[in-house]
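The next part holds the structures, each set out as structure tokens.
Paired with subunit B in one complex and with subunit C in the other, subunit A is shared by the two complexes that follow.
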Partner chain A sequence: MTGLKLLDERRRQVFEKGSEPADFEIACGKPSLSGAVSQRACVFCGSRVVLYPIADALHIVHGPVGCAAYTWDIRGSRSSGPELHRMSFTTDLRETDIIYGGEKKLEAALRQLIARHNPRAAFVYGTCVVGVIGDDVDAVCRKMTAECGIPVIAVHSEGFKGTKKDGYKAACDALWRIVDSGETTEKRPYSINILGEFNIAGEAWILKEYFRKMGVEVVSTFTGDGRIDEIRNARQASLNLVQCSGSITALASRMKSEYGIPFIRVSFFGIEDVSKALYAVADTFKDNKDIMARTRALVSEELSVLLPQLEKYRKDLTGKKAAIYVGGAFKAFSLIVALRHLGMSVVLAGSQTGNKDDYETLKEICDEGAVIVDDTNPVELCKFMLEKGVDLLIGGVKERPMAYKLGVAFCDHNHERKIPLAGFEGMVAFAKEVHASVMSPVWKFAPRMEAKP
Partner chain B sequence: MLLRHTTAETIVEREALTINPAKTCQPIGAMYAALGIHKCLPHSHGSQGCCSYHRSMLTRHFKEPVMAATSAFTEGASVFGGQANLVEALGNIFSIYNPDIVAIHTTCLSETIGDDCGQIASKALESGKIPAGKVVINTSTPSYVGSHITGFSNMVKSMVTSLSESTKPGKDNVVNIIPGFVDPSDMEEIKRLAGELGVKTILFPDTSNVVNGPMTGKFHMYPAGGTTIEELRATGDSKATLALGPSASGAAAKALDTKCKVPCQELELPIGLQATDRFVDALRKVAGVTVPESINRERGQLLDMMTDMHQYTYGRKVAIAGDPDHLVSLVEFLVSLDMKPIHIVTGTPGKKIAPRFKASLEKMGRPGNLKAPGDLFHLHQWIKQEPVDLILGNTHCKYIARDEDTPLVRVGFPIIDRVGHQYMPTLGYRGAIRLLEKILSALMDRQDRDAPEESFELVM
Partner chain C sequence: MSTKTKLITEPGREVTQDACRVCAPLGACLAFKGVEGAVTLLHGSQGCATYIRRYLISHFREPIDVASSSFTEETAVFGGKANLLAGLDNISRQYTPQLIGVATTCLSETIGDDVAAVLRDRVPADPEEKCKVLNVSTPSYSGSHADGFYRAVRSLVSALTEETSEVFTQRLNVFPGMATPADIRWLKSLFKAWGLEAVVLPDYSDTLDGGLWDTYQRIPSGGTSLAAIRGMGGAECSLEFGHALNPADSAAVWLEECRGVKRLLLGAPVGVAASDLFFHRLQALTGRDFPADLSAERGRLIDAYADGHKYVSGKRAAVYGDADLVATLALFLLEIGVTPVVCAAGGPVSAFREVMKGLVPDFEERGMEVLSDVDFDHIEQATARVGVDFMIGSSKGYKAAKRLGVPLVRVGFPIHDRFGAARQRLMGYDGTQRLFDELVNTLLSHTQEATGLGYSYM
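Up next is the complex of A and B:
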């Protein structure tokens, strides 16, 4: 860690596996330092990404125009039916609304939109300024629920009220209200909900096909290709799979304590983790031996197709080094394993919102000498990438051009990607994407070697 | 059918609701303007998400790293004021990122709770958080007023009010040019044109070589480009200012006139033949130079292309959305090509916008729709009521283009699904040649696609 100027406050958020002091404990889950060029977002962002894929609901952003403009259809969450979620609705609050309040405007907007689009529910996202001027969004929502006969739900997502994680929590609260309004409580045998699956590039459809083959019913996905009525039926499932754990564990816990639906944390990225997840489901339903048999058949069939396909990529990629900087740490675990499968090692790993346990796990799976960071900034990230001589960065929109400027390949593992990375076929797509970037001849023209310290 | 939810129904007036906005909020404009100062770190005084969204959107548009810091508001800050956050932020910024200048802009949150950033910055200076020789400027950019264009305008105005100085009785033989919210390629083109004319200029802000820099194998927190602080100070000693685009550049030019007695002229953005003529002419007059043959040649080439291809542009109906300064000049250019820009929408509010279209729309020879402020839902409804041959606008217009099966030429901000605008201008004669090429290609590709075999043409 010498040579890098770290802010004193950052010293406890960065370490190198094998060289950290014995009593080192990562200080994560902290709000970012004022003045940091952080890669993090806010509460609103968290709520918006979780609820956004519900395609037959109305999503209206109550606040000045920006928050709606920046989140207009930026996720690749696909819908097999309605596309209402891809429209951008906002009350576009103006100066007079800030002075006199925006409640009337919100009410009028909801009335007009619900009449025109006939949604199954409406989510009202309150942004920073709404929290400050004191609009009673709950009251407006109650009134419109009564008037329009659909659930109109306030999502308290004022940006300053915490981190993106608090936004997930607000989204879970909103989802809970839909789930809890379900009338049928009868359990469906061998059925699951997939939580934290946003159907980016159609990933939920890939997973649903696996479960169909296994003989397991998917009652609802939260929230990819989501429909209000399916979510309302969620309590009929016998098991919850929690994928993007950071975003949706709160809801799973609540469904466990209130309805007794157990949940397991799974990941559908990478061969091991997909197989593990499918077997975990089969294992839960072990009283039905057919399910386990079908799962075995499914996994072995998929692997027999997949492994030969991976081999050609692995040949080229063996020995290459990768850096990972993603939103939730859980995703990083799977990526490390998946990259290892391609012969690559991870020398730098970090997340925006990981917790202590996450970083413990990260440390366990990473190799000696790997740098582990929480809530990093561009200067740190670039410095470490060069020091470690990485060939690939996996991250999101803000990290991509930094990697390219350094002459480092990049793979988008965030929600702007257009290819499915989940499931067995996702692993092939992942390998192909990594291969396409790492092996591209364009890097040969890049003067990156000069930049290495 | 992405926008299947748009109907051609009678258009309902919407006071309370914006659908598919044709604008975004002030702070991103302020951030972009600040990137046009050399070694400047823009700072967003608000929640973390604002800064993150702006950086992401600018990154998508320019395909470049975009650096900016944030006060990272917490619940406490929103109750007790963000002073502590900002003072701490300034200390951290100078000690770790070491910029020459920090340009602070506010957000809806910090504006509503009433933070006075100027006063907070003075406090930071008093308490030694700002090292000697370093500069902090600030501007007020409430997201609930105006649009991203207003934010750009406010930040540029703050550069003048904070930095411009008149140091002597006489003026230097230098002309200030304020380019407006345009791409770095456009700023480069303005500098090139001024260079051809032999005029000494200070262009501010200047994002060329900041957000369209070369690939060097290195990451630079502060790329090579940008107007320097010395240049910004010297704008007060220049003999004139040309403000390109009244909406984005007018306020700063007027402030400079008031503060340092630098006379200013407001011009429409030099997009298309006539607007570029006016710009070149204004620059020629104010600098007392003659237009060189090289520029006459560029102009002649543009005119040549316009005359060669006028049959393909004749009578073509266009729907257009974007920022006011772009729109006014684009509409004039379209009308000069005998095209019919019948539906025009900008998201930026302002009473002074509509009259600027008057002359062009009169020349069009038929009525047209104009809405400021309007949104893309409204534009789409108009298109359903009277279809067009071409759409001009930012990336968000691609939904309408797809649903209505109408060709789209991307202009303005943001363009997040195509490249080229970073390096190739739309301003100036050469920019107009590029723009016309794009328009013609879009129309002719469509003609080729739709032509029955017997009328499919090789030579067009």
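Up next is the complex of A and C:
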């Protein structure tokens, strides 16, 4: 590779499809390199992502002020009822608490907040400092569970104790405790849970509507528009759909081994993947012929509306090049397919938290010459965007200004977004957004375009 | 005025609900962005750096790189020295910076890492390395982002400014505080026009509000040069904007004590009176007449005050955010006939009441409530209790304002839900003019919507 130099330690986390050595194996899942500007967050962030959308629970961050302040209402997870999740609570530890411990403060905070807000459960996120001052958060939680009569659950999410993935794991453990406290295990026929669906911009509602039309009951969504009581009922479902696999597979596996609920991995981004997901559900319930018939009708109706709409976008976008850098690799797969549908090719793809299998799959579905990166940083990202001459970057808030600085279009595909991108209508929204950015006339003033004759 | 909030008794100190401040390392990152060729390394876990970047990026809409020494469990147990050293070498290789500013986080402070000692004994992996490394202590459990900002500026000066016996007249140090890039730009061109050789620190007017790039810039160009900081000891005096800043965190105080440069402390020039004071200082320094175009600007502002006074006169406001800005805005509001009935500093500011009493001796008689170290829950309750016509401060007050049914004028940091925060102008007669226009228009638009009569004139 030419141009800017990579840090030596990063060489095994980057490759170009077609030119990597035969025995190359990507070294992913490593902690971020000290001094590199990783786009990753921390364990706490992973836990927050998964649990945050539960709207009738109290989420309190036990630690100094920052961890809570930076995560106050930063995600687009919508609720149809209570909105407790959009508030920010923290024990806001001070110097004396660091010296004498924060347990008393946490206890008092929980008591006050539970009395004031009446939540159905409370999650206590322990952050870095709590991990080193020796607070027994579990003991406080046990005490408050007994005192307040709601589950008060410690989420061990000290930032330094791993990566975002470990935060997912901690969140799954917390969720498990609620799921497992459900009373009945009687199965409801033709029913599902959707795991890893966070109802960003109301996406869960779009999906629920599809399943309603198919005649499939959605028992609970994890955790979009989530309610504690619904989560308790989750064990009554006959099937688990797992989206955003990285974050929540641990929970699905546990529900499979303990309750025998099978799970399938799905994605609701892009036409193929949505259709595939819906058919997979219908197929699982194939003893009910009506479900399959209704699914066919649904898909064909949606497609008849959707395809003509996409056509006008595809005309303009054909031949354009895209870069993708997202949190989970699974999302990247769907995006590659979806972009292909718009006539675009992906020349750079990566994720913050993918594993070896993910990168194998990524390699398979990418075109020759595509660069694939794990846990990249701004220097690398910009280097490859320029080298590959991309027209579009798909990423999150931290990547956005890099794209714009280089005069490259951008589409937000992280949890902060305000536009629903899931389902068939989401595909139209996605196409529209990509089109609006890529085709904007402002890029002609960008230095890299002006330099061209 | 309507309020739907359930009023409860004063919240206890055990919990912070919707904080009105963020943490100290963020302030340090912002300050270091204003130094040429500088990169910040946060000594702690990855998350803090990423969250802080995200928070700053959402306000400035510019790429902002902040490195982390990426603590792991081992680091937390055995100390962060190895990570810190590795981090410095990696930054130095990847960015070839002129300066690395190391700011601590709660974690590295709590485990007791002695960053200063590590830096003192450090032997760079690359013997050719020319970069200067300095550190600032920014534990967030004592202080807010504003404290981190001031401390970082002070650490820059105390680490770099050389001793000199020479004093250059017409050379000036300027510490504008957490000013917007546009205000910093304005200050710079103003000093230039007045023939003053001014060093503004920090100066992120280009790095956080610059043009597009044709190639990747590891470190965007712009910022106060290290040479300029080194030479700050030879200035005639230091102008420092602020009302509430702790002298122990002040760069100008350090320069006065250790380099003998006279410190002139004054409030940021927002409003007629504060701008007059500022320009008189400049006149005294330069011996110049008041420029005609400035007189005209001043005239236009007062004309606007006259044209708009009825829309604001007798109104009541809640002003919140960083202590210095709160004090600055309170004075401006009083100047136009608005009573800032709630003046709330989000961070723990020692003696904020005394500071406000010094500025507005009869503040109690005027019914002004002065608060510090309060969250938005507290601010909202105080505001609901006394009733206001509008709120003024960062965008984080939006939810409270919405619940209270009053309009919000967005000023300061952060502004995450509107466009153009980096270009906001507050200082000088023309900056005040824009602020006044926006304030009046916000009130007009609120009335227009609220009456539902659809008047199309005012």
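Here is the rule we use: the second predicted complex is superposed on the first by the 447 of 453 C-alpha atoms of A that agree within 3 Å, B and C clash if a C-alpha of one lies under 4 Å from a C-alpha of the other, contacts with A are read in each partner's own complex, and residues count from 1 in each chain.
By definition in this document, contacts are C-beta pairs under 8 Å (C-beta built on N, C-alpha and C of every residue); 3 or more make two chains touch, one makes a residue touch a chain.
Keep in mind it's a predicted model, so treat the numbers as computed, not measured.
A.B. asks: Quick check on the superposition: with subunit A as the shared anchor, is it clash or fit for subunit B versus subunit C?
C.D. replies: Superposition result for subunit B and subunit C: clash.
A.B. asks: Looking at A:K105 after the superposition, I want to know if it touches subunit B, subunit C, both of them or none. Which is it: first, second, both, neither?
C.D. replies: both
A.B. asks: If we overlay the two complexes on their shared chain A, which of subunit B and subunit C does A:D316 touch? Say first, second, both or neither.
C.D. replies: A:D316: touches no partner chain.
A.B. asks: Using the touch definition from the top, say if A:C42 reaches subunit B (first), subunit C (second), both or neither.
C.D. replies: Touch partners of A:C42: subunit B and subunit C.
A.B. asks: On the A-aligned overlay, A:E83 touches which partner chain: subunit B = first, subunit C = second, or both, or neither?
C.D. replies: The answer is first: A:E83 touches subunit B but not subunit C.
A.B. asks: Between subunit B (first) and subunit C (second), which, if any, makes contact with A:I133: first, second, both or neither?
C.D. replies: Both partners, subunit B and subunit C.
A.B. asks: Report, in rising order, the residues of subunit A that make contact with subunit B in one complex and with subunit C in the other.
C.D. replies: 7, 31-45, 63-72, 87-95, 97-98, 105, 108-109, 112-113, 116, 128-129, 131-133, 159-162, 378-379, 382, 397-398, 400-402, 404-407, 446-448, 451.
A.B. asks: Across the complex, what residues on subunit B touch subunit A?
C.D. replies: Its residues touching subunit A are 1-5, 12, 14-21, 23-25, 27-28, 41, 43, 46-57, 59-60, 63-75, 77-78, 85-86, 88-93, 95-97, 107-109, 112-113, 142-145, 147, 215-221, 347, 377, 396, 399.
A.B. asks: Considering the complex alone, what residue numbers of subunit A touch subunit C?
C.D. replies: Residues 4, 7, 9, 31-45, 60, 63-74, 87-95, 97-98, 105, 108-109, 112-113, 116, 128-129, 131-133, 159-162, 378-379, 382-383, 386, 397-398, 400-402, 404-407, 445-448, 451.
A.B. asks: In the complex, go through subunit A and note every residue touching subunit B.
C.D. replies: Residues in contact with subunit B: 5, 7, 31-45, 63-72, 83-84, 86-95, 97-98, 104-106, 108-109, 112-113, 116-117, 127-129, 131-133, 158-163, 378-379, 382, 397-398, 400-402, 404-407, 446-451.
A.B. asks: Which residues of subunit C touch subunit A in their complex?
C.D. replies: Residues in contact with subunit A: 8, 11-12, 14-19, 21-23, 25-26, 41, 44-55, 57-58, 61-73, 75-76, 83-84, 86-91, 93-95, 105-107, 110-111, 139-142, 144, 212-216, 218, 396, 399.
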